[in-house]
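One chain, subunit A, links the two complexes that follow: it is found with subunit B in the first and with subunit C in the second.
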Partner chain A sequence: MPKAMGAVKQAIPAEIGGVIDAAAGSSGTVVRAAAARKILPIVEGVVLIAALLAPLVLQDYLTVFATRVIILALFALSFDLVWGYAGIMSFGQALFFGSAGYGVALLARDLDITNIFLVLPAGTLIGLTFALLLGGFLLLGRHPSSVIFVSLGTLTGSYAADRLARGWYYLGGQNGIPSIAPMSLAGYEFTEGPAFYYLVLGILVVVYLLCRFLVRSQFGLALAGLRENEQRIAFFGYKAQHLKAIIFTIGGAVAGLAGSLYAFHEGFVWPNMVGVVVSTQVVLYVLFGGSGTLIGAVIGAIIVEGVSFWLSDNYRDIWPIILGLLLLLVIMFRPLGLISFVLGERERVGSFGAKPKEKRNAAP
Partner chain B sequence: MANAFVAAFEILSFGAIIVLIVLGLGIIASMMGIFNFAQGEFVLLGAYITYLAYAKGLPIWAGMVAAPFVVGALGFALEALIIRRFYAAPIVAMLGTYALGLIIRESVRGLIGGFYLTVPEPIGGSIDIGAMHISAWRFTIIIITLLVMGLCYLLLSRTSFGLRVRATLENPSLARASGISTPLIYGATFAFGAALAGLAGALIVPVFSLFADLGLRFLIQGFVAVMVGGVGSFIGPVAGAGLIGTLSAALPWVMAPVVADVLVFVLAIVFIKFRPQGLIAGKGV
Partner chain C sequence: MPLLEAAGIKKVFGKLTALDGAALTVGENEFHGLIGPNGSGKSTLMKCIAGAEVPTQGKVSFVNTDITAFTPTERARAGMSLKFQITSVLPSLTLYDNILLALQAQCSLFDLVFSRTRGALHDQVMTMLTQFRLADRAFDAAAALSHGQQQWLEIAMALAGKPKLLLLDEPTGGMSLEERRVTGELLQPIKEHCSLVIVEHDLDFIRDICDRLTVLDQGKVLASGTVSEIQANTSVQEIYLRRA
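Then we have the complex of A and B:
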């Protein structure tokens, strides 16, 4: 009997190994094709064109939904910078998203400030400040912090903020802050609709390009090295902790920008926005789409939100279960996310200096 | 005097609940190096099984006895199918168990809906000592926690199974070379940790009632307790759980509950920051 058990045990890994080999084989061909054709700009271009055309073909209520998705994609971008590029597991990204949302909601409610040139920088600044404080505390210091500690610390921060927001009367308690006045620009008010959509899309594109520039710079390369092997990067003379704190702060700023847009788009903020639920959502987007590629985060947000919107009529109850199952499968078999089906490993890091010669893998 | 006694009892019983929940989490984290984000959902499952037994008209204690075995078996199966792949990468393990927890939580949510379901206490009423009344069930929880803690300690420190577990923790390759089946030990340890969570869930469901986010509530508290206590030993997480549980039960008596709740977490994180090895450093039992 023990022998039979042993045989079964050996048979299972062999089978799984076969599956993995097959997967690796197919992605290998993708890598080669990708290196030859440069898939990334094509993917980015397709997504951009689709996003530009969306309001023209979508009905009004769908445009409103699409605006929300674009804002969430911006939020996903912030998490991707932190996790996908620097390997910091921030389970509390919603803290920056939500606190900026609350901040601009208070500005609009108590001070009647809705000017777009004031509220968006204010939201960004709030996200940046919170991230700087939390990141500085968690990441800097004499001893490098363990990944577990950082993820736990951010999760706890988000949970604590949720509790505070629920209990604080000034912030509206359980109900949050309802009916926030719309954003304004020289008398024009941004309400839900195509104008808001294109505004948000424009912001997303600008932030995306800035992030892309950032991760393809020397700084971004050091970050990618940090993710792969922190110790080695430290031995090269980089101050690994400082790099981490900087990218964490930038991520917080982007999340803050997304949060202030979200607050004005939805017209209200509520405690969930700073809490664990939203923090989880953004992790889902990025892991799903593919961490470590900016476009992966955007696509992940679009797919997860899109499918859940589509399914919400009939399968509302089982959708989160399916989402969990898919996430588990992605983590187990596609750690680089859905984007890795079309995008090779090379393009995740980018190329520097002279182009590497493609002779080893070139098919005859 | 009577009030102080009641307060002390409340604090003690909440501390015992946290210890019970953290025990399984701590054993998995310390012995296997994995932070199991699905642990809260194992607690939830234990609670759900107890509720199920109650709803089907079975005696509640039957559900409570069954819960640890069912959840333990599930833990064993999950370890063999999924968790096993993650040992090489602790971060991926975190995400994987997180996804697992999401699946369990949402399944239970689908089954019970968004309701708060109550399960009566199997031992109702109160124990009267003079003018003071303390809940008999909470008292039972304290006793069971002490028993389980003692048994776990004996199991890990005095039995040959415990020796194997500790050997695997200390030096896996040497343990393998000595003829210990480390995959089996890992599987058994994970199942044991899951069973403890199931038991915790079964015992606390009369106190907290059953809702889908029951596990999430304790997960963060449990993790903070494990980190405060120190990963790697048996006694560390238990000490951390005692401290966190006591603090979170004691502080609301002197300040607003929300502030107390947040303050405990902030204090704990600051503590871990400046003493990463936790209250009790070192490996072993």
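Then we have the complex of A and C:
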């Protein structure tokens, strides 16, 4: 029926309604659209259940390791927003992660501030501010900045911060800032263990849901346009540079939150945390797991860290080489990451249109 | 006052002078064809008008405003829209989302983040898709469309923001005869609210839908006038129409 309608010369309102009905009800296209979100919720559910149960089955020292991994997964989300969703090649994501870590470490060391409701917002704000400054400089030109400029700019930012931290006595130089007091809440101290784990997991879930809300909104559609063809959407009238700066800043805030949790969890911060190594690490998590899906970033962090842990235990000397080869294989043969084994392209990109219910209401 | 006035446009790429003092004037609700042999500078002139290229010299005014230094975003917000020569629909998005993306371009950030216009724009999306005979494919990925359909989708997207001027660079490139005919039909109704500048090799198509023509040759305007004036112009026949 819709095919025949396509041949009718001029559209009249009744036909619009008919087509909408067909689209919303009987036609196969909507069955596909409705099926578009089938696998993702299952994957998310499985990962969440596994994460909830982990401390119950893991030995204590492994729970500590798992907490670190969850924090890194949060960090991976920040890079995924920036690269996977907006297509901004940020090779300096650790700058925001590490500077927030240093920031909260200084709060704890110099001002004795460890209250969770102060340090976590402070860390988030530090990440946000640094990202706003760097992003504003790199992205907010009158004309779009080139990919090379942005990737080298972020890389340089991260490298410079690393050198600065190493040379600055106030920040502890090469040794960083050791023995940070634990995060506290009304007399309770968060030390390594299940409580810290569930705190971090709770934060990850909340941030994940916020990110999911954002990337599935109309703003997410604008991001999809940005990622696929920046020039095209500028010609629609989008302020593409503004969109990029906004998402870059949000990414910086999430990285800052992750960095402050990391600092308190490890109990110390050191120059690597702002440097190129950690910046590259987060790129690998996201590429490995699957950029452009939030759960892919989380899975990537868990698997890369998990595999490194296992390999370093079992192949003490050559494990980095094995890990490197594994990453290379995935990136070569699965450029969309491990998640693409179960997730189709259509579902990865998703749909942003009105819900089928609204479509039916639109019919006369 | 004309809607669009480009005067003395010069564009130099290295040693190549693509445009050498070209000019174009388009009135309201006018369909204006831009023709000329290959390499005469048609696409370059379009790009200079749309903001994809910055002219080396010259001035472009649109709705009484000098827009020569405007970015593409600013031009779009002033009411100008461009369909690229190479289709640039977003292949992995559905047709529906392609149109929605174009429609919501000038929504506020707040509206975008909280998806406040999603429901309200739905009818407009479906109307556009129906108008361009794509409604039954609304939830397919744009990559699945035929070349001709992608061109229509692209025109629909370019029209979504209700521009005052639409620049079409070879809209019928790679289309079958039937698809060309339909494209002409699809473009007719927009005349009520929009002017058109169209670069096209298919002269029959141009003759059918355009009011006025400008002929470019080697970066200069050879002639400009109504379709019949241009058809009667001997120098145009000399370089171009005779061969067609």
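Assume the second predicted complex is superposed on the first by the 314 of 364 C-alpha atoms of A that agree within 3 Å, B and C clash if a C-alpha of one lies under 4 Å from a C-alpha of the other, contacts with A are read in each partner's own complex, and residues count from 1 in each chain.
FYI, contacts are C-beta pairs under 8 Å (C-beta built on N, C-alpha and C of every residue); 3 or more make two chains touch, one makes a residue touch a chain.
A quick note: this is a predicted structure, and the numbers were derived from the prediction, not measured.
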Exercise. Is A:332 contacted by the first partner subunit B, the second partner subunit C, both or neither?
Worked result: first
Exercise. Of the two partner chains, subunit B (first) and subunit C (second), which one does A:143 touch, if any: first, second, both, or neither?
Worked result: both
Exercise. Which of the two partners, first being subunit B and second being subunit C, lies in contact with A:217: first, second, both, or neither?
Worked result: second
Problem set entry | Partner, of subunit C and subunit B, that touches more residues belonging to subunit A | C
Exercise. Touching A:229 in the superposition: subunit B (first), subunit C (second), both, neither?
Worked result: second
For this session: Please work out whether A:155 is in contact with subunit B alone, subunit C alone, both, or neither, and reply first, second, both or neither.
Result: first
Exercise. So which bits of subunit A does subunit B touch that subunit C touches too?
Worked result: 9, 143
Problem set entry | Complex interface listing, subunit B residues touching subunit A | 35, 82, 85, 90-92, 94-96, 98-100, 102-103, 106-107, 109-110, 183, 216, 220, 223-224, 227, 256-259, 261-262, 265-266, 268-269, 272-273, 276
Exercise. What part of subunit A is in contact with subunit B in the complex they form?
Worked result: 9, 87, 89, 137-138, 141, 143, 145-149, 151-153, 155-157, 159-160, 163-164, 166-168, 276, 280, 283, 287, 317-318, 320-321, 323-325, 327-328, 331-332, 335
Problem set entry | Residue numbers on subunit A that touch subunit C, as the complex places them | 2-3, 5-7, 9-11, 15-16, 19-20, 22-23, 27, 29-30, 32-33, 142-143, 214, 217-219, 221-222, 224-225, 228-229, 231-240, 242, 246, 345-346, 349, 351-354, 358-359, 362
Problem set entry | For the subunit C and subunit A complex, residues of the former touching the latter | 50-52, 71-73, 76-77, 81-82, 84, 88, 90-94, 96-97, 100-102, 104-107, 109, 111-119, 122-123, 125-127, 129-131, 133-141, 157, 160-161, 185, 189
